[in-house]
Amino acid sequence: MADDILLDVRDLRVSFGPVRAVDGVSLAISRGPFGIALVGESGSGKTTVGRAILRLVPASGGTIAFDGQDVLGLRGPRLRAYRRAVQIVFQDADNSLDPRMRIGTTLGEVLIAHGLAGRGALGGLAGRGALGGRATARVAAQVAALLSEAALDPALASRYPHQLSGGQRQRVAIARALAVSPRLLVLDEPTSALDVTAQARILALVRRLRDERQLAYLLITHNLAIIPGLCEQMVVLYLGRVAESGPTGELLARPAHPYTLALRSAVPEIDAAARRSRIILPGDTPQAGSTPPGCPFHPRCPLAIDVCRTTVPPLQAVAPGRQAACHRAGEVLSGLRPPGAPAQLAEDPGRPR
Amino acid sequence: MSQAKLEVRDLRVSFAGHPVASVPELNVDGGEIVGLAGESGSGKSMTILAVLGLAGTAGAAVTGSVRLDGQELIGLSAARLRAIRGRRIAAIFQSPALAFNPVFRVGAIVSRTLRQHGLSGAEATARADAAMRSVLLPPELLDRYPAQLSGGQLQRVAIALALALRAEVLLADEPTSALDVTVQAEVLELLRELRDSRGMAVLFVSHDLAVIAELCDRVAIMRAGQVVEQGPTGQVIAAPRHDYTRELLAAVPRLGE
Amino acid sequence: MSRFGRFLRANPLIATGGVIALLIVLIAVFAPLVVPYPADAGAATHPEIALQAPSAQHLFGTDQVGRDVFSRVLAGARVSPVVALFVLLISCVVGISLGVLAGYFGGVTDEIIMRITDIFLAFPPLLLALAFATVLPANLTSLTIAIAISWWPWYTRLVRGQAASVAGRPYVEACRALGIPSWRILLRHVLPNSVTPVIVQVSLDVGGVILTASALSFLGLGAQDPTPDWGLMVAEGQNYFTTQWWLVTFPGLAILITALAFNLLGDGLRDVLDPRRVLVR
């Protein structure tokens, strides 16, 4: 079983000054084809986990191992090699491409920087001009192939980012991430900024890439609806900690954590038949770092009891392959639901000064 | 046939001759939520601005008719529009933080707006406090600065302001798109409350069809500035007549699988 | 050619600025062949015709030692603008490099570079240039170096802020995530995106440098008489301003027009360099 694990995150901690954005998160990503979703709202730390995996922010604790090798201590050429194996697609499609560079140049740059453009292609300073004719043609051919794979017209290589639609830009970002042939792709809210039709196309693309490239991916999102069909496993985060984790289908059908219950009930559904009664959580999603004593969710939890206010619930197995951090996880799993009372006057003090 | 609270007829908004939104007919009655659904560039936001009489400031030309309780709004003088805007037609937008000047306390902005529409200081305070309670926020939050409130709280304050003004119509342009899903659920619940207990007429613009499906009684689907289909929500979703509607519905991810 | 023509019509700023700048360059290049009295641009003096008002033979009149002002103004195009060019070139190279390094790397690098920059900025620019000019022999080269030394810190500060902002942008972070080496990121992403404020500032500074050069020349630390430096001519002619206005006015106009031309060019260039702009194709 351990051989199956591609990325092993154990007890990851990331702090920004006094703020503990990630406070002990563990997850395991198997070799491709495999999809795992990291779900949470603002303040959950999900984006930070993704960044920490990519070594874009320093971790303050815990370990990350890729193929059995430690990741957090990598430097120099080994770090660059890691960055070929693990890639990320950012949420902000509008700004993740240099507005002054043509699409083809942006993609070509990645190929050249990693020496992937075949023999004879030097790290040309001026881009196309400095390369030999043959090398330029090779790069161009590879760029065209990448664009096609991302379901884009290769002619777009000569355009600037602002001339493309949001969905197209995001697909270019995906193509760029694929340029290095990664084994693990981190997708940070890849469709949040897109229209629903563009979103559908991106999700279909990810599904296709998963099969064609045997890709493993970590899908970071707050939108539960896009997870089934893409990810076998999911992890729910709240205030930097894991609330629960397990196989997607089971977790969504029978949650073991009150937060998952509320999250699931809050998702708007088009099919009237699929709608569940809303669990309205009082107050707002707390800011990272404002962790109360005891269970981080207890101030908003409709099922909180005394022990929740004092003791942090440990992440424990509640069923085969499923873990939850809740004192009443067993009850929730068995069907305990909050009473249908309307939300009381919110006490949440909002952001501290 | 009694007239609807808000009646839009042959509304056309264009920039330098290019049409960006064209709505032949749209009614919003008191006590109902009508949805305007579409993707970016569909013209739905421009429609809201045109109803508010603010499209002109964006540089657009507006023709057609928008009637509030029978009174024509298009072509009204700026002064008269100002009296109506806020007081009878309120609006909330996607980014609540942009609606509040960061150097003023939230309460100051609210009370100033109320006083501008004719209330005395004492009345303004009383109404503001009552409105805050209606949106399930403690009135003390009015003493905070916008930066000290979360997105969800600010959006609820914006709704509270609409309530305090006793607005009859609420225009909402993607009010929950920037909010977390659990907070969104709260705000949507609030809008339902406004419809049911206050009889407000709500025009709700969103690109999220699932939200529209849950919230709106009737819906108009827009694409590239045109209304392609409209009708009761349940009907449009169960039996879409236009290809684009079908395409949109097919693209919406569903959790309940 | 018509594409270029359309481009010029759609961008009147660049057109105007560019045309005037081109004119100045042409004058600078061809001055010795074009001026009516080449010797007057040099050491010749004709005291007998001193201080004559503008006339057919002397379009801009003559100065206090009888030299043709028109010739000297035209010849001056080889002096002041060239000094400005080199000053700005040196300042840009030094200032931008340091600014980009400070902005992108932050931390200790930033601290060291910016503290050095702050030291230079603490001195009033003219005073600093003065101090260096006094130490160096009085000629145009020293003048150029002295002014450049006092000029580069402004660009460093300007670029550093911009570079720091660019360094935090998603596309730069994406490059880091993609394993693209720092030098590449600096050269191809940070630099091009940080340079725009400098372009505008440089165009505004053309006039400023010329004036600074003239002040130093006036004090005898830069261009020496008989070099037809515009600033020097203004300085020398100021005593005659109320009566023989042409001594100051024409060189002054030359400075004005040169500064204006580059100003327009800079404004236009900044607009053109923004790829988001809808260009007339």
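For clarity, chains are labelled A, B and C in written order, and residue numbers in each chain start from 1.
Methods note: contacts are C-beta pairs under 8 Å (C-beta built on N, C-alpha and C of every residue); 3 or more make two chains touch, one makes a residue touch a chain.
As the structure is a prediction and not an experimental result, all values here were calculated from the model.
Can you tell me which chain lies farthest from chain B, using the average of the Cα atoms as each chain's centre?
C
What pair of chains has the most C-beta pairs in contact?
Looking at every pair of chains, the most contacts join A-B.
Could you state the distance in Å from the CA-based centre of chain B to that of chain C?
54
Return the distance between the CA-based centres of chain A and chain B, expressed in whole Å.
So the centroids are 32 Å from each other.
Taking the mean of the CA coordinates per chain, how far is chain A from chain C in Å?
51
Spell out the residues on chain A that touch chain B in their complex, using ranges where they run on.
Answer in residue numbers: 41-42, 166, 195-197, 199-200, 203, 222-226, 228-229, 252, 262-275, 278, 280-282, 284-285, 287, 343, 345-347, 350-353.
Give every residue of chain B touching chain A within the complex, in rising order.
Those residues of chain B that touch chain A are 39-40, 133, 136-138, 141, 144, 147-153, 180-186, 188-189, 207-211, 213-215, 234, 237, 247-257.
Can you name the residues of chain C that touch chain A in the complex?
Touch list, chain C to chain A: 169-171, 173-181, 184, 187-189, 192-193, 275-276.
What does chain A use to touch chain C in their complex?
Touch list, chain A to chain C: 54, 56, 79-80, 83-84, 87-88, 90, 92, 95-101, 109-110, 113-114, 123, 125, 127, 160, 162, 173, 176-177, 179-180.
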